[in-house]
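Can you read through this structure? Questions will come right after.
Letters A, B, C and D name the chains as they come in the text, with residue numbers starting at 1 for each one.
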Amino acid sequence: MGLREAVGRFVFDGAVVGLGGQNIGRCAMATVHEIIRQGKRDLTLVGCNLSISMDLLVGADLVRRCEGGSGNLERFGSTFCWRRKVQSGEIEMEDFSHLGMVSRFLAGEMGLPFMPTKSLLGSDILVHKAPSTVKKYEIIENPWNPGEAVVLLPALNPDVSIIHVQKSDSMGNVIIGGFTTHEPEMVRASRNTIVTCEEIIESRQIRSDPERTTLPHIYISAVVHQPWGAHPTSTYRYYDFDAEHLRFYQECARAGGEQVKAYLDRFVFGSESFQDYLEKVGGKERLLQLEKAMKRLCASKGENP
Amino acid sequence: MGLREAVGRFVFDGAVVGLGGQNIGRCAMATVHEIIRQGKRDLTLVGCNLSISMDLLVGADLVRRCEGGSGNLERFGSTFCWRRKVQSGEIEMEDFSHLGMVSRFLAGEMGLPFMPTKSLLGSDILVHKAPSTVKKYEIIENPWNPGEAVVLLPALNPDVSIIHVQKSDSMGNVIIGGFTTHEPEMVRASRNTIVTCEEIIESRQIRSDPERTTLPHIYISAVVHQPWGAHPTSTYRYYDFDAEHLRFYQECARAGGEQVKAYLDRFVFGSESFQDYLEKVGGKERLLQLEKAMKRLCASKGENP
Amino acid sequence: MTVGLTRSEHGSYDLDELMIIEAARHIRNGDVVMVGTGLPMVATTLAMKTHAPELVAVIESGPIDPIIMQTPISVSDPRAMHEAARLGSLREVLGCVLQRGLVDIGFIGGAQIDQFGNINSTVIGDYRSPKVRLPGSGGANDIACHARRLLIIVSHEKRRFPLKCDYVTSPGYLNGPGARQRAGLKVLTPTITVVTNLVVMETDAETGLFCVTKLMPGVDLDAVYGNTGFRPGVASTLEEVAPPSDRDLETLREEVDPDGVYVKRGKSH
Amino acid sequence: MTVGLTRSEHGSYDLDELMIIEAARHIRNGDVVMVGTGLPMVATTLAMKTHAPELVAVIESGPIDPIIMQTPISVSDPRAMHEAARLGSLREVLGCVLQRGLVDIGFIGGAQIDQFGNINSTVIGDYRSPKVRLPGSGGANDIACHARRLLIIVSHEKRRFPLKCDYVTSPGYLNGPGARQRAGLKVLTPTITVVTNLVVMETDAETGLFCVTKLMPGVDLDAVYGNTGFRPGVASTLEEVAPPSDRDLETLREEVDPDGVYVKRGKSH
């Protein structure tokens, strides 16, 4: 299945979309581009740290609501499209903490209606909620320690999650390298998951070392081979983030309006595929620099390839 | 730290002891022998499937209570010492399901007071409880679906867990091969954990492939190099279970009384260390057969070593 | 080798063999199958090697989608782990697959099965002072709560089929229609199928009671009634269990259980 | 290289450098340190390379005990992952380490810090129609709830220290003594330490209010009062922040932040 077909089949208007990656690492950018090209709208985006993948979808006016722990690109600044539209009230943001969000995915993956947490207590995260939220949380008393408050958070089961990973076989047995953030819980909680990957490996390789598999195929709806699919964010052991392009995107996003439109026109709508986009951001030469930068980082630490 | 010191330091009379392994795989038998030699008593044993490690401790009269999902050795039969003493009321058993138990460890490892589950509802597991249990569970209504019952189970944080694994470095960065059962949750929930392992590997090896680490050192109190430490149960990729010795143990356990005492005298009290025991059960020759049996199984499937 | 078996020749296979083969038929290709050891593993392995090569076995100790070559004797047997797609944890299997609602069919067993498909694997007699203490739930309660279809393979003996279990370890329809919903269970009307050496019985989703749907060759309803502690209903379309194919018998005897550890053999073998 | 610094020579280092160095001193060898990026990562890396080689850093995206060679710019930066003891998940770090109660010291930051050590990183102005929407909690709320000690490194500006936060993202002592317990938090009296370029302030466990414990060289209390929106108490043993050692300054400048990305340099460099 190609990315076009996968997005066509599993992402729909109004869907709750789980975003993999975090900050400047392993955001599923190729799939985000395809969602924008297909104009899937009224999306609710969920994740822990919502980063450039979220901001681009918000910039393309496809988002109604976000639920997450944070929106930012750390040292590269805010997620500016998101910030602007939250400030203007054009989109709503439902705030949790990162542990709160992963707890909600944990409930979702375990088939439970809610998950307790001891975070959030006493904070304004429990005081305020987004306009369309019906019931953000419940506080109950710990039955084993009367008088002690415990927060319950509702399970979150995305309609579809999108993640970019290092390796998968064609069945969808996925290997994530480096940090996995909230992805294992989010994916197992999702009704469908679209995976893009740097490499398709043989199932034989998966089955000869099954402890290594991060997510088995039963959770995966589509696997698409898309090298560099996280650009301009990094993929651990494959390539570093592209600071230059990130800065360029941030300039556009901060300016907003025409500049965001121009970015989208040039890089997303103006590209037939993610391959086209990669050519536009510098092609082979630029990509090899990013690859080298990562290899250098890994080699200097004597890491396995 | 040797096993003698580790058990002396972390296992105490009245302790709640988490048992790793399951059925005929990776039971921490070397540590169990040492606990018996040191006569730590009034133990509460917890785990999912409680198997020969539990039965031997019960046979040695060191156990007051068990909490688990099952007591048996599958095709090798019941855990006979346990069965006899539960029937006579000499020890108490608090019954949960396996998911119930791992949910309790999950609460424990997450620093939560309880964990919801949708198992157990309607069953007699919620009707009956062991005499000394104060509050086995609570049923609440799902705040997001009024009228729907959800079970809450109390967190379980063992005083000390004992596991036998394939590899660890000397800091306690542990690699478990094959199934991990309830061990990740149980160990992370425990105040202390004693690890015995087939191989001590270099920390460099751990740190060059950190996705492989099952449990990082922050959860581990003591690591002891003890090859064959799970005998007569199996250690995946190292040696198969010893059906002959298991059958012999089961005969003694089924007979009870003098025969259990004789087993303990000969194999546990009569051994200075687990090395002595290994000599008694057949020494190098027997062990190499078990190793060969496992290698044959792995090789036939083209597995990585 | 057994060739051209017909109804009248069923002496050439044993009903214990047909019981396994009939159970295996309930597994559909592509099903996610929650399986323990013993006869369920034999039936699952047989299905995998015959009509359901794409079934996904999940085993509670952690293996997801292993390729089972030879029947393992334990859920912690290395034989249950080979060439898995993932070797994980009990939480992943019982939590993120089973309780998550992804299991199509789960096997359970027990010492007592009552008219509502409730199962006891905990105690015979009183819980506090049991006559016989049995192993307990293991994952059985979880499977009975969360799998959409339940499959029980058991030798047909009267004491195994009491009107009411001494202790309900694993919920069937509890005390009747609507009881699962009232209890809070998520799967409201599981299909519970018992395959014995006499009969195939299935719970009726409306009454929660067992109905005989098929009889083993040569077995009549009286034999079932005489060996069952409750009176099961009878399906309007009562059938006879189809005899085993050559391939089923051969695969069972030569690949799945070559040493005859689990299944009694028919005479012709 | 800077040699033989004394109080009067503190022009040869910058107070921004001393702020980092002083913060690093609060990390003890062996501490489990929950750290994000930016200045906290700089201070942690410095501590690791000087007096606390056995500190165990945990980073919310999944790394446990990485060896940090060069300051990473993001929690998802590969530079935050190298030679970790374990590369895991957010749940493992925020759930099984932090909420589990294993973190000795956690860093947080925010746009506003009030007199009770509450922190705002969510909005300036009204939540529903914010003047400025900030990133939100991230893991900060979790850290503030569960770490035994909290460390905040921040440039001292009056607007950062209001009497009351516009929005409490991360709980300090909330509205005063006992409030954390009433709210249900598990850590009742965390030590909250703010290190700025003017001052070190620490919450008093009895009142929940900040007290000045140390002043930066050349800074007096009036400078603190003038730049703080609330009036902190003063510790009975008010000290001056010790000047940096040669080793601290060298390590910071040459190994931790060699490109001067994070920390302003003193003149002598």
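Keep this in mind: a residue touches a chain if its C-beta (ideal position, glycine included) is under 8 Å from a C-beta of that chain, and two chains touch if they have at least 3 such contacts.
This is a predicted model, so every value here is computed, not measured.
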Looking only at C-beta pairs that count as contacts, which pair of chains has more of them, B-C or B-D? B-C
Averaged-CA centre spacing for the pair subunit D and subunit A, given as whole angstrom: 28
Distance between chain centroids, defined by C-alpha means - subunit C, subunit D (Å): 59
In whole angstrom, how far does the Cα centroid of subunit B sit from the Cα centroid of subunit D? 41
For subunit A, give me the residues that contact two or more of the other chains. 111-112, 117-118, 148, 150, 177-178, 208, 211, 301, 303
Among the residues of subunit C, pick out those that touch two or more other chains and give their numbers. 63, 67, 81, 83, 87-88, 91, 95, 98-99, 146, 186
What are all the chain pairs that meet the touch criterion? A-B, A-C, A-D, B-C, B-D
For the complex, give me every residue of subunit C touching subunit A. 32, 56, 63-65, 67, 81, 83-88, 91, 95-102, 146, 186
Complex interface listing, subunit A residues touching subunit B: 107, 111-118, 135, 138, 140, 142-145, 148, 150, 152, 154, 176-178, 204, 208-209, 211-212, 301-304
Residues of subunit B that touch subunit D when the two form their complex: 109-112, 171, 173, 188-189, 206-208, 210-211, 213, 215-218
Subunit D contact footprint on subunit A (complex, rising order): 21-26, 48-49, 68-72, 74-75, 78, 82-83, 86-87, 89, 93, 95-100, 102-103, 106, 117-125, 128, 131, 139, 148-151, 177-185, 233-234, 236-237, 240-241, 294, 297-298, 300-301, 303
Subunit D residues touching subunit A - in the complex, by the definition given at the top: 37-38, 59-63, 67, 69, 73-79, 81-83, 87-91, 94-95, 98-99, 122, 127-142, 145-146, 167-171, 174, 179-180, 182-186
